[in-house]
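Structures given as structure tokens follow.
After this come two complexes, each holding chain A, first together with chain B and then together with chain C.
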Partner chain A sequence: MLNSINDTTSQRALMASELTPLSVLREDFDRESVFQKQLDFLQKNGFSSVRRVRGDGDCFYRSFAFSFLEQLIDEPDREFAVMRRLSLLDGFEPSLKSAGFDKDTYQDFKEEFEECIKAFAQPDHTGRVMNLQSLVQVFQDEMKSHAIVFYLRLITSMKIYEDQENMAPFLMNPETFDPMSPTSFRRRQIEVMGVEADEPQIIALTNAMKVNVEVAYVDGHTTSDIVKFVRIHNAQDENSRSIMLLYRPGHYDVLNRGKP
Partner chain B sequence: MDQLTTSLAPSRPSPKSPVAGTSQQAAGSTSNRLGNELMTLMMSSSPGISAFPKHDGNLFEWVGTIEGPAETVYAGLSYRISIAFPPNYPYVAPTIKFESLCYHPNVDPANGAICLDILQDKWSAVYSVQTILLSLQSLLGEPNIASPLNADAAGLWNTPEEYKEQLMQHYRPLKDDSP
Partner chain C sequence: MASISAKRLAKELKEIQTEGCPVGVNLLRADDFQTWLFSIEVMGESLYKGEVQTLQFRFDSNYPISSPAVQFLVRENEGIRAPIHPHVYSNGHICASILGTEWSPVLSVVAVCVTLQSMLASCKKKERPVDNDRYVLHAPENPKKTQFHYDDDTV
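Right, the complex of A and B next:
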């Protein structure tokens, strides 16, 4: 199961140009399997497609970042939305410092993320602001894509450091389940590219970024063919839309509603 | 572009045109980062470590020098290393080797390869040339005996007098050329 997902995603572009309809995705799974039934459940509930992200261990961070930025496209007041996100990032500075990160070590990564956010309000040299197509291109560019992912890894690490008293009981080695100290968890399980995110990382990042995230678990485990949604609510704004992710064993993609 | 096939289709390499563009940009932002690291290294005064690009105009190949830490068996000895940066540095670790013969439990006597976790699977883009050089410097005095590349050296580590004798037999002082 795990292998089949990795095989089909590890060779792909970092971010797919086109959406994959759930009806196509279901062909990856055995007929009549729980997986297929779970995907059918999602379709019945208004979800239509996923944007596939490469299965390289960074898929949670990359999917999250893409969806976080994609939401800017539909913002009625883009200028304001851009300013709000930029000030959120600036607000991390003291905490990053307390968590032991010199500005020199993360400035390049932060700038790449900021440039991407700003581009939604400021026209580039050709007079265009960021749209879905150009956002996909940013995420297909290895260096830009990795810079954004790595910046989010540092924010995640910063948040774990800040909340270490609460987080410590949940930090463990994903293979052996041995407990890990916050310091070694941050070094080994967050600050290294290609290391997958588990629940502590997901909670820490969404918490820091003050966004709501919903993860649809198409995990083949349920007996009732329904999909379990894990919702993490952090946004202060009641009307805030959630970042929607689809989880299949070992992998995250961006989940979309509406027409494929 | 990627047509998003099902698992039945064989995996294909990424399309050509964006890849070519990407690698050029990649080299550009990596060059900037390496330029900044070079500046930081030159401005900071970390005793006993230094590194510079091997040739003018190529930031991707460096040579460095590491002096053994004081109060260790390596005190007073200097070693030359080479550093090769991949085009997607800092997301992938640089390749580092001892160019001087270095008698040490974690250095392969045949080719100078180094066994140090932050240069392999524990590499993180928060590290820099400076942190690598400092880690290598402390590795000299504090080897990891559990995973040796040089079993002889690992075996002698706990008998300092014999170790020092072997160390000096293998040591070749650096000539005074750069860096």
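Right, the complex of A and C next:
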């Protein structure tokens, strides 16, 4: 299962230009399978499509980053929303330092993410501010997309360092399930491109970025055809929308409500 | 706007030029952002006492997201050979996880030099990898194209 999804998604664009309706995604699975029933359940509950992300091991971070930025499109006060996000990033500086990261080695990645956030409020040389189409283009640009992903990996690693006392019991090698020290986990499971995120990484990043994340697990496991949602809520603003992700074994995509 | 790769390499080069390299490491050549050469020597007591190696870095446009291609320089006709070490092939290719699956974009050229220096320093017996001849016969020109199997994850 895991291999088949990776095989079909690893050669795609980093970020799909078009949304894929859940009704189309459904065709990837066997008829009448639990997977199909789970996708039907999501459709009945108001979800319509996914934005596919390449299955290269960075899909969680890339989906998260895209969704985090996409929310800026609908912000009524973009200037304020942009400013808030930029100050969130600046607030990480002392923690990144304590976690052992040298500013020279990550500054370029941070700037790439900041440029992208700023572009939602500041017009570019053609006079346009960031929209959905231009955001997709940023994420299709190999270097920009990877730079943003890697910056989020560092934030994740920083947060695990900060919370290591609480996190340590949950840090393990995803293949052998052997426990890993926080240092080794950060170095091998987070700070390397292409290594998939598990629950500790998702929790750490969501906590650090102060957002709500909801992951719909289309994992073929439930017997009641109902999709398990894992909700991690950290937004301080009650009206904050959640970053919605769809999980299929070994892969994350961005999940969307409304019309495809 | 300069690419991330060029910005990072310019920053690394400036730091090397202003603050110098770690003891035993010297910059030999960095005329461009494609290929850099360093000399590397293990300080103190080791099996490599008195030997100076040449380390070659090649960068692609995705550096530092993707790892540099790093190897010991080999010029048989000039008497430049790769050090004899269980993780170093006679063509200069190095089997070290930080150059492959464990490369991280927070690492730097100097960090790689230091790691390889300590790989040599901790060597207990001078010998080639067991599959040296077979590997060298079929090895790609660029060591990044080889999928090494790391049986010792200390390097």
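We take it that the second predicted complex is superposed on the first by the 260 of 260 C-alpha atoms of A that agree within 3 Å, B and C clash if a C-alpha of one lies under 4 Å from a C-alpha of the other, contacts with A are read in each partner's own complex, and residues count from 1 in each chain.
Keep in mind that, in the parts below, a residue touches a chain if its C-beta (ideal position, glycine included) is under 8 Å from a C-beta of that chain, and two chains touch if they have at least 3 such contacts.
No experiment lies behind these values; they were computed from the predicted model shown.
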For this session: Assess the superposed three-chain arrangement around chain A: do chain B and chain C clash, or do they fit?
Result: clash
For this session: Look at A:L154 in the shared chain and tell me whether it touches chain B only, chain C only, both, or neither; answer first, second, both or neither.
Result: both
For this session: Determine, under the contact definition given at the top, whether A:F101 touches first (chain B), second (chain C), both, or neither.
Result: both
Exercise. Who touches more of chain A, chain B or chain C?
Worked result: B
Exercise. Who does A:T20 touch here: chain B (first), chain C (second), both, or neither?
Worked result: first
For this session: For A:R52, decide between first (touching chain B), second (touching chain C), both and neither.
Result: first
For this session: Figure out whether A:R12 sits in contact with chain B (first) or chain C (second), or with both, or with neither.
Result: first
Exercise. Where does A:D28 make contact in the superposed view: on chain B (first), on chain C (second), on both, or on neither?
Worked result: first
Exercise. After superposition on the shared chain, which partner residues are touched by A:E191: those of chain B (first), chain C (second), both, or neither?
Worked result: both
For this session: Quick one: classify A:M143 as touching chain B (first), chain C (second), both or neither.
Result: both
Seminar exercise, completed: Dual-contact residues of chain A, meaning touching chain B and chain C, are 101, 104-106, 108-109, 142-143, 146-147, 150, 154, 187-188, 191-193
For this session: Enumerate the contact residues on chain A facing chain B in the complex.
Result: 4, 7-8, 10-13, 16-20, 24, 27-28, 52, 101, 104-106, 108-109, 137, 140-144, 146-147, 150, 154, 187-188, 191-193
Seminar exercise, completed: Within their complex, chain C touches chain A through residues 3-5, 7-8, 11-12, 15, 61-62, 64-66, 101-108
Problem set entry | Residues of chain A defined as touching chain C within the complex | 101-102, 104-106, 108-109, 112, 142-143, 146-147, 150, 154, 187-188, 191-193
Seminar exercise, completed: So, in the complex, the side of chain B touching chain A is made of residues 1-4, 6-8, 11-15, 18, 22, 25-26, 29-30, 32-33, 36, 40, 88, 91-92, 121-126, 128
